[in-house]
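We call the chains A, B, C and D, going by the order they appear; numbering starts again at 1 in every chain.
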Amino acid sequence: MRSIINYLKDIFLGVRSLLKGMKVTSKYFWSPSSIVTEKYPENRKTLVMLERSKGEVIMPHNDKNEHHCNGCGICQINCPNGSIEVISKIIDTEDGKKKKIIDRHIYNLGQCTFCGLCVKTCPSNALAFSTKFEHAVFNKALLIKVLNKPGSQLMKGVEQ
Amino acid sequence: MDKIQLAEFIKSLDSDLEVKEGKQYTEVTVPPSKIHSLASQLREKEEALFDFLDCITGVDYGHDLGVIYHLRSTKYQHMVVIKSRTTDRENPLFDSVSDIWETANLHEREAFDLLGIKFANHPDLRRLFLNSSWGFPLRKDYVDNDMITW
Amino acid sequence: MEEKVKDIGTDEQQEYIINIGPQHPSTHGVMRLVVSLKGETVKNVEPHLGYIHRGIEKMCESLTYPQIIHLTDRMDYLAAHMNNEVVCLAVEKALEIEIPDRVKVIRTLMSELTRIQSHELFWASYGMDLGGQTCYFYGLRDREMVLDIFEETTGGRMIVSYNCPGGVMYDLHPNFQKRVKEFLKHFRKVLPEYDDILTNNVIFHERTVGIGPLSLKDAISYGITGPSGRASGFSCDVRKHEPYSAYDRVNFNEVLYTEGDAFHRYLARVEEMRESMNIIDQLIDNIPEGPYAVKMKPVIKLPEGEYYQRVETPRGELGVFIISDGNKTPYRVHFRTPNFANLSVLNHLVKGFKIADLISIFGSFDYVIPDIDR
Amino acid sequence: MLTSFGIINYLSAQSVPWWKVFYDFTSLTKNIDAGLHNAMSPFWTIMTEMVIIGVLFLLFYAVVGLFLVYAERKVCAFIQNRLGPNRVGPFGIFQTVADLIKLLFKELIPIKNADHFLFNLAPYFVIIVNFMVLAAIPYALGLHAIDLNIGIFYVIAVSSMSVIGVLLAGWSSNSKYSLLGAMRSGAQIVSYELSVGLALATVVILAGSMQLSVIIEAQRTGWFIFKGHIPAVIAFVIYIIAGTAETNRGPFDLAEAESELTAGYHTEYSGIKFAFFYLAEFINMFIVASIAATVFFGGWMPLHFGADNGFNRIMDFIPPVIWFFAKTFFLIWVIMLFKWTFPRLRIDQLLTLEWKYLLPINIVNLLIMAFIVLMGWHF
């Protein structure tokens, strides 16, 4: 007799646990407001990335096309996987002195692991992260970027 | 049992052992031939009861190849480091402890795979990660011929 | 036809061998299990590793200590923060630096958030392994909130790279506390739903209770740590036995069971999420003021010696063993990863169970394959 | 020629509004038949009718199959807090059409060591079985291809043949995953046949006939699920569980068992042959739901309580076609909810469920039902 009661109890408890699960799923089925996925390319306009989001490394320029980088190369030393190469050149300043300035700051996005060491260790805050994340290109070579814009200069006042 | 008592106890097991206080743990240096007997004593003796093997690290010291065992007792929560070295780079051979701690099986296979250290009496000593034609990458004299660049 | 009959061989050799992986929905990564079957009963399982071996230990030998950290993110990518932390703690211990209280609390908070999101993914993928695909989406839905918290403060979602020797990379975002409280409120609401869908489900019970039982003796001998070990009664919580960061100032229970089957490994993880929420509750309102990092020298050189440090990740005890020869790069780095040790028990457990139970047992250990291969 | 086809004849002659057709298809089909008889000899009449019905069923099969695939994807998306397909057409309703076109163009990968004849035969086997069952289902008053006097028996007998297609597929693929999946499926379907049959037998006792049109007519004064009260409800629950198992759907999808056997018996199939298996699975679900709707929920019969009264007449305003499909799709939704809520069973637990739980309960239930019918305790 006891076994029959246990048998029926098993069935009852089992069915009850199943119905509980179905209650949860059907609750979500009937509440469209709980949908969390987004229509991505359509909502591009309204999509706001979080401010610290690591999209890619950039070198901020002001509206006079000036940046903070003086070509010291500390970011290159600190980069763990060699995705930064700083090429500097020697120029003659107006007062006749030789001076080292940056020629090209080459950044390989394809190798970057977004550890943030370059941005953190830069002594003159020349580098930053942008929140742009759509990096897909058809050619790997396009991922190698020159961060200083053509014709840009070192901002006055941040020279060593 | 505190660290000093533990060191005294280990010294009493075998007079050949070199016991010293490391920065963190008691360190025992033992010749390769005596690893297994020491390990089984540390595992069985009621005073030590090192029943948990944290990890086995193979090290290339340049000339020597060495194995470092981190042992812990789940009862007393004390820890001991056992070190052993051999100068034989061609055929470095240590005793397997996989019959004492089952977990040693994979750790020893890893050490064999990456450093070429062999373990006698290991039930299944095969390469773990790499294929058999590969060198032993964690040795200091390893030269990577297939460096991928782009 | 005659030849075919000969090929079958003796009864002993008649094994029906199936490759599960390297590409398979339930190995959670690139791992190959060579399974010998008799009918549907598993006779032997042999894991083949190395499909995602990147030689992190070798790479570490040529990188400075701050640079190592970004590699450790990629071992156990579900517990990236703990992997960072273990290297930082080892370096700080070697240099004998006193870490500010704020950093300790931040690290603890982040660790516990990491633990919650990792266990959420475990819950999600374990449900999916057993065929309840909806679990996967519910788990990911709630995990998303934790990832948003991470992104807001650290800039990364999974691969956070948030720790650095001496502290953390950035200060907490001003929204951090608000967001965490929102998440906890939401999560406390949905956790009973998790129970309704999976934990109390009769089919789930059938699939997991009594499957792959692991005794305490075997758990210790095989080096099974983390929730999997604690489900067998192995008290192995590093947070209790060797408190690091701010774990010595919070109260929490070590979740211990004695059954050691797949169901209790699962239950230990679900309960740990509750414990983690308690820990966060205790700390979230008392984050001390202060600097978020100690000023370190530009080049960090560890004094000569050997350093071992362990932390508790969601999957078990993670140890790092650093041998330094006094240079700015380590001489040898060895990671004692929890999944690697946990893997050794697989063959011991699955013998005699059905192939469906193999998936159940494999899933209950919550393996992360890059952590095994490194 | 067209006028003799009857439909125009019928509509002009009857002088009833065209939408009245939806309430009773009998006179429409009769008129078409009569018109064809006028135009040609009896042999060609039958031939033409078979072609017309065949084409109609092909269309119906494709439309229902594609709609169900779409519905499943939307239902599971909403359950899982997702949007689901939303790219092709408004709300993505043409997504499955696009998928079908893609599958049509995909390469049929030849398997080297497969048994090619059986390998190619298997998907058609599954499809043909589907068609055979679809023919016996009454969709509305008068919309019924063949009204066999052993309708339920025929449905049970024919639908169990689909396992042969699955077994053939698994065996002939010469793949280990496929073989395991097929063997599981064989054991599963053979077992659950029993429960399906006995659950339907319970209703047959109540109705006193196996003919589907008679069963529906018997529900004019109330659906069997209300008339047969407790035993009918138990029979319905057993039927829906066993039916889900018979269609290899979750939580009984052991033959596919994605997390264990990747895709089970159709691992090696590609292109349109895979699509046949896929569609067949959904049509099977439709069949199970429509049989359940017919025998337990009155098929196309509107919701009636008792004999002629006001409530019944209001319900009669909704055409029978809509009643039938509404009931069927509601049951399909329930079956989908099963799949997306529960974890999968193991093979031995699956058989335990059948032999230790469903079958004994079913036999006892059958006895109770027989007793109730004898005593006249039903409504």
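Rule of thumb we're sticking to: a contact is a pair of C-beta atoms (placed from the backbone, for glycine too) under 8 Å apart; a residue touches a chain by one contact, two chains touch by 3 or more.
Keep in mind the model is a prediction, meaning the values are calculated, not measured.
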**Message:** C-D versus A-D: which interface comes out with more C-beta contact pairs?
**Reply:** C-D
**Fill in**
Per mean C-alpha coordinates, the chain lying farthest from chain D is B
**Asked** Just how far, in Å, is the C-alpha centre of chain B from the one of chain A?
**Response** 42
**Fill in**
CA centroids of chain C and chain D: separation to the nearest Å works out as 46
**Asked** Approximately how many whole Å separate the CA-defined centres of chain A and chain D?
**Response** 51
**Request:** Calculate how many whole Å lie between the centre of chain B and the centre of chain C, each centre taken as the average of the chain's C-alpha atoms.
**Result:** 25
**Of all residues in chain D, the ones touching two or more other chains** = 79-82, 340-342
**Asked** Among the residues of chain C, which ones contact at least 2 other chains?
**Response** 134, 141, 197-198, 201, 203
**Asked** Among the residues of chain A, which are close enough to touch at least two other chains?
**Response** 18, 21, 24-25, 36
**Message:** Which stretch or stretches of chain D touch chain A in the complex?
**Reply:** 75, 78-83, 86, 337-338, 340-342, 357, 361
**Item:** Interfacial residue positions of chain A with respect to chain D in the complex
**Value:** 11, 18, 21-22, 24-26, 28-29, 32, 34-37, 39
**Message:** For a test of understanding, state which residues of chain C touch chain B in their complex under the given definition.
**Reply:** 49-50, 53, 55, 57-58, 218, 220-223, 234-236, 241-242, 305-308, 310, 317, 319, 321, 323, 332, 334, 336, 340-341, 343-345, 348, 373
**Asked** So in the complex, which bits of chain D are touching chain C?
**Response** 76, 79-82, 176-177, 180, 250-251, 253-254, 257-260, 262, 340-349
**Prompt:** In their shared complex, at which residues does chain A touch chain C?
**Reply:** 13-14, 17-18, 20-21, 23-25, 36, 50-54, 78, 80, 113-117, 120-121, 129
